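Structures incoming, each one as structure tokens.
The two complexes that follow have chain A in common; it is paired with chain B in the first and with chain C in the second.
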Partner chain A sequence: MSRLIDQLNKLPGVGPKSAQRLAYHLLRMPEDHARALADAIVEMKERSILCERCQNITEASPCTICQEAARDAHTICVVEEPLDLVALERGRGYRGQYHVLHGVISPMDGIGPEQLKVRELLNRLRDGTVTEVIMATNPTLEGEATAMYLQRLIGPLGIRVTRLARGLPAGGDLEYADDITLARAMEGRQEVTS
Partner chain B sequence: MASVSAPQVYRTEAIILRHQRYGEAGRLVTIFSPNHGKLRVLARGALRPTSHLAGHLEPLTKVVLLLARARGFDLVTQAETLESHGAIRSTLWRMSSAFYAAELVDRMSQDNIESFPIYRLLQRFLAWLEEAKEPDVPVRFFELQLLGVSGYRPELRSCAECGAPLEPVLNGLSGPAGGCLCPACALKSRDVRPISVNALKVLRVLQLGDRDLAGRLRLDAPLARELDQLMRYYMPHAVDHDLRTTGFVDAVRATRPTGNHAGTTAPVTLDAQPDGQLPVEAAAP
Partner chain C sequence: MRVTELSLTHFRNYRALELKEIPSGFVVLQGDNAQGKTNLLEALFLLATSRSPRAHREGELIAWETPQDGTAATRLFGCVRRKDGPVTIELLLMGRPEARPPTTAAVAVEDPELLPAQSGVRRRLRVNGAPRRALDLLGNLTVALFRPEDLDLITGPPSGRRRAIDILLSQVDPRYPRALQRYARAMAQRNHLLRRIADRRAGQDELAPWDDTLAREGAFILDSRRSALDRLAQLAGSAHRPLSGDREELSAAYAATVPLAGPALGDGGAAVAQAFLARLGEVRARDIALGQTTVGPHRDDLTLLVNGVPAGSYGSRGQQRTLALAWKLAEAEYLREVTAQDPVLLLDDVFSELDAHRRGCVMAVAGAYEQVFITTTGAELSGQMMPEGSRYVVRAGTVTPE
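Entry: the complex of A and B
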């Protein structure tokens, strides 16, 4: 039991108390449910691979998004993590390709371009199909550094490099916004239509 | 007499050094405050879209924070940006230099030890970097000054081993010795790098701490490169740790357009004075 608690405690957002509660919940769970959970974890680890094109997590390479013929092959949207891809797909506003970096340049943590899937991205751009790369890294300093660094590598290839618009979040409050957000929101202002 | 306990809520100015994810939507933020030194504070829920905190807690931002004392990490309850250093955020070479400086402060300072000199040094460095056309002089100045205020001032005028005044010849810079070595002592040392006359002169000028004087220095590419390599060698000895941000500095440098950051090179002429002092004449740009 204590070994299980130790392992659950390693999960993000799970502290010692949560780990204990989860462990006792699993103890009370019917055995076949617990076994199904264990099997799902093992199977996920065994069968998950990275898509050879976009580096997203998938069971078959190329992944379903890369195989989808209706997708715009001229645009690649670069994200930090697979969950960012999921979020953008949920938005349903984008119908191009993706590329997952599996991280972001974080100099203080010693994470540089060589630790990310940058080389794989550059390899995809060589055949001339892609005309635009959209940088959808997070609006953090590290995300900006990553976007600017990749622009330096991709720009000379004659490919347009764009960045997601940034501004005020829905439900946000102007009073509490930081000045960088306000400046960018002002730059990206849009015509009001009714 | 009853003791006065520390207030539960306190306000401080600070520069954000770094942040990392904490839990599902929180940020653990390392700040450097003029009154409290280096602190790690927690911003719960900062990653949520409607959070009032996230944009104010980006690295290199100068902020005012309202903090609540807690058993573990003190909690950020309010944040207001004083200076966002927009020019640093919009230029890769400025950003990489600023990250480097933030790491040096992070590594060379202890938690909860007040150091107004370090805070002021970092604040002034970021302001200088915003308007600088090149990183070399501001970064070298910052390194020398940080070493000085942290108690690791390198010996640049006398041999750190035998104490003999350094002559205007090729000397040695030794991390373990904490400064320069004369040629004779350098020959006997296992951990030393050659330092040219001009490089030593520049370091001496920067060590004076005169920002205006340092700002008039213009380094040609070979001298800038030599100084970069020397300090890249020397700093880990003072910090007692390999520096992680230098990899990004190198990556940015490797991708920049040919020529220096400002697109001009203006060599500096340093004529040796009989007493080994520096004239520091900048050639016309």
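Entry: the complex of A and C
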């Protein structure tokens, strides 16, 4: 029991008290439900891989988004995390490709471009198909710095680099923005110049 | 503006203090030493800025044990009557449970001078009952705090002067504390990166975005500081003349660690940003070797000059104290000018070191503000020097109207 509480406590947003409550809830659960939950967790871990193109989490690579023929192949939208991609898809305003960095540059956390999917992004830009890269990193200091860093790499390749328009709450996550705000941010995106 | 109500719970030596209907004018807090006079002014400063003027160890603010359930032990509450209406400010201070590992945010600020050091104290703020971030508190209650340590503004190290002007500007321009915060965080990131570069775990090309951010935010800080300093020097000159009876010319010099072309323009420093960026490039090798950012507003100095001579090397101790007083009076006047409202003056034990003439000058100037809190042991404010106003006796954490 205490092992389970410790594990739950490690989850984001779960304090010691909620961990206890959850553990007791799980204890009272019918055994087949508990097993289904445990299986789902393990299965997700075993089956999830990164899409070879966009680096999003998927069960089959390339992922369904990358395989969709109707999507615009000339535009890539760069996001920090898979959940940001989910938020943008929910908004339905965007019909291009994605690229998931899996984080932002933050030297104090030991994270540089090497630790992110930056090389994978540059590889996708090589064949000249992509004409615009949209930076949709969060408007935090680190999100901005990551966008600036990528702009310096991508700009010289002759590819247009744009940034989502403001209107997102400062320091706020894409993940929590509502659909209309997201659609507006996408429409009003602006050229990044260094 | 003025404070009409103050309530303190478990704050320093106050178990429960409730002051209602605090009048305007002079509010004299009289009592022996170590009875809680200074703590009361500190509480008002905290309600204005969410920071303590003296606590490097802010844990000391919570003199009482934090309950196990994580509720706040220490509560400060104030009502402020502003020109545009009343505002209530509530500040809850809680000890951080030791077990919790430090987050990135908690180690973000490396330079304790530019921003107060991170401490184990968590704070929760409400303005008019609505939760606010510390940055959004500033400007609701503006204060000018006078205390014996002000002499350090003249004779002490640059850090105290930087902190003074940072607090001043933070009270009048909401963009300023944000720029300070972004600057400090970008610098912390850059310093980590410098060390990673020295260890060959990162490349120099990764510096660019942090240099850009530092230059942009730093230029704004520089430009704001220099504009304010010019005005402060003028106001200090006006305040100094009656105090000293001399005709010394006061001016100010901003010693920047990045080249500054021309005067402050009040434009956020677009030209300065370019020069700053170029300078960061020039010192890059040194910065990598030291693992530190060696240029920028966190290393600058600002000095008051008397007839062109730095105030710290001018005159006697008494004259330097007069200069410090002139600086503080200039700060108060600056707050009044920029916000078009009187700040609340907090005079903590400033009279014991002054002669009768200077005391009279200070009382005359202070009397023109809407509300002035003064602490005194009573000894130095005898007879005619005692200001007309309301008097409270402070004794062992109690405050009683006289």
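Details
Keep this in mind: the second predicted complex is superposed on the first by the 167 of 194 C-alpha atoms of A that agree within 3 Å, B and C clash if a C-alpha of one lies under 4 Å from a C-alpha of the other, contacts with A are read in each partner's own complex, and residues count from 1 in each chain.
Just so we're on the same page, contacts are C-beta pairs under 8 Å (C-beta built on N, C-alpha and C of every residue); 3 or more make two chains touch, one makes a residue touch a chain.
Everything quoted here is computed from the prediction, not taken from an experiment.
Once the two complexes are laid over each other on the shared chain, residue contacts for A:Arg152 go to chain B and to chain C alike. Touch criterion not met for A:Asp127: it reaches neither chain B nor chain C.
Touch criterion met: A:Gly13 reaches chain B, while chain C stays clear of it.
Within the superposed three-chain model, A:Glu31 lies out of touch with both chain B and chain C [touch as defined at top].
By the document's definition of touching, of the two partners only chain B reaches A:Ile180; chain C does not. By the document's definition of touching, both partners, chain B and chain C, reach A:Glu144. Contacts of A:Glu191 after superposition on the shared chain: neither chain B nor chain C is touched.
Once the two complexes are laid over each other on the shared chain, residue contacts for A:Pro113 go to chain B and to chain C alike. A count of residues in chain A touched by chain B and by chain C gives the higher number to B.
Touched by chain B in one complex and by chain C in the other are residues 105, 107-110, 112-113, 141-142, 144-145, 148-149, 152 of chain A. If you check the complex, the residues on chain A that touch chain B are 12-13, 105, 107-110, 112-113, 140-142, 144-145, 148-149, 152-153, 169-173, 176-181, 183. Of all the residues in chain B, the ones that touch chain A in their complex are 17-18, 20-21, 23-24, 49-50, 52, 55-56, 58-61, 81, 84, 86, 89, 92, 95-96, 99-100, 102-103, 106, 244-245, 247-249, 251-252, 255-256.
Per the touch definition, chain C reaches chain A in the complex via residues 104, 107-108, 182, 185-186, 188-190, 192-193, 196, 201-203, 205-206, 208-210, 212-213. Residue ranges of chain A in contact with chain C, taken from their complex: 105-110, 112-113, 141-142, 144-146, 148-149, 152, 194.
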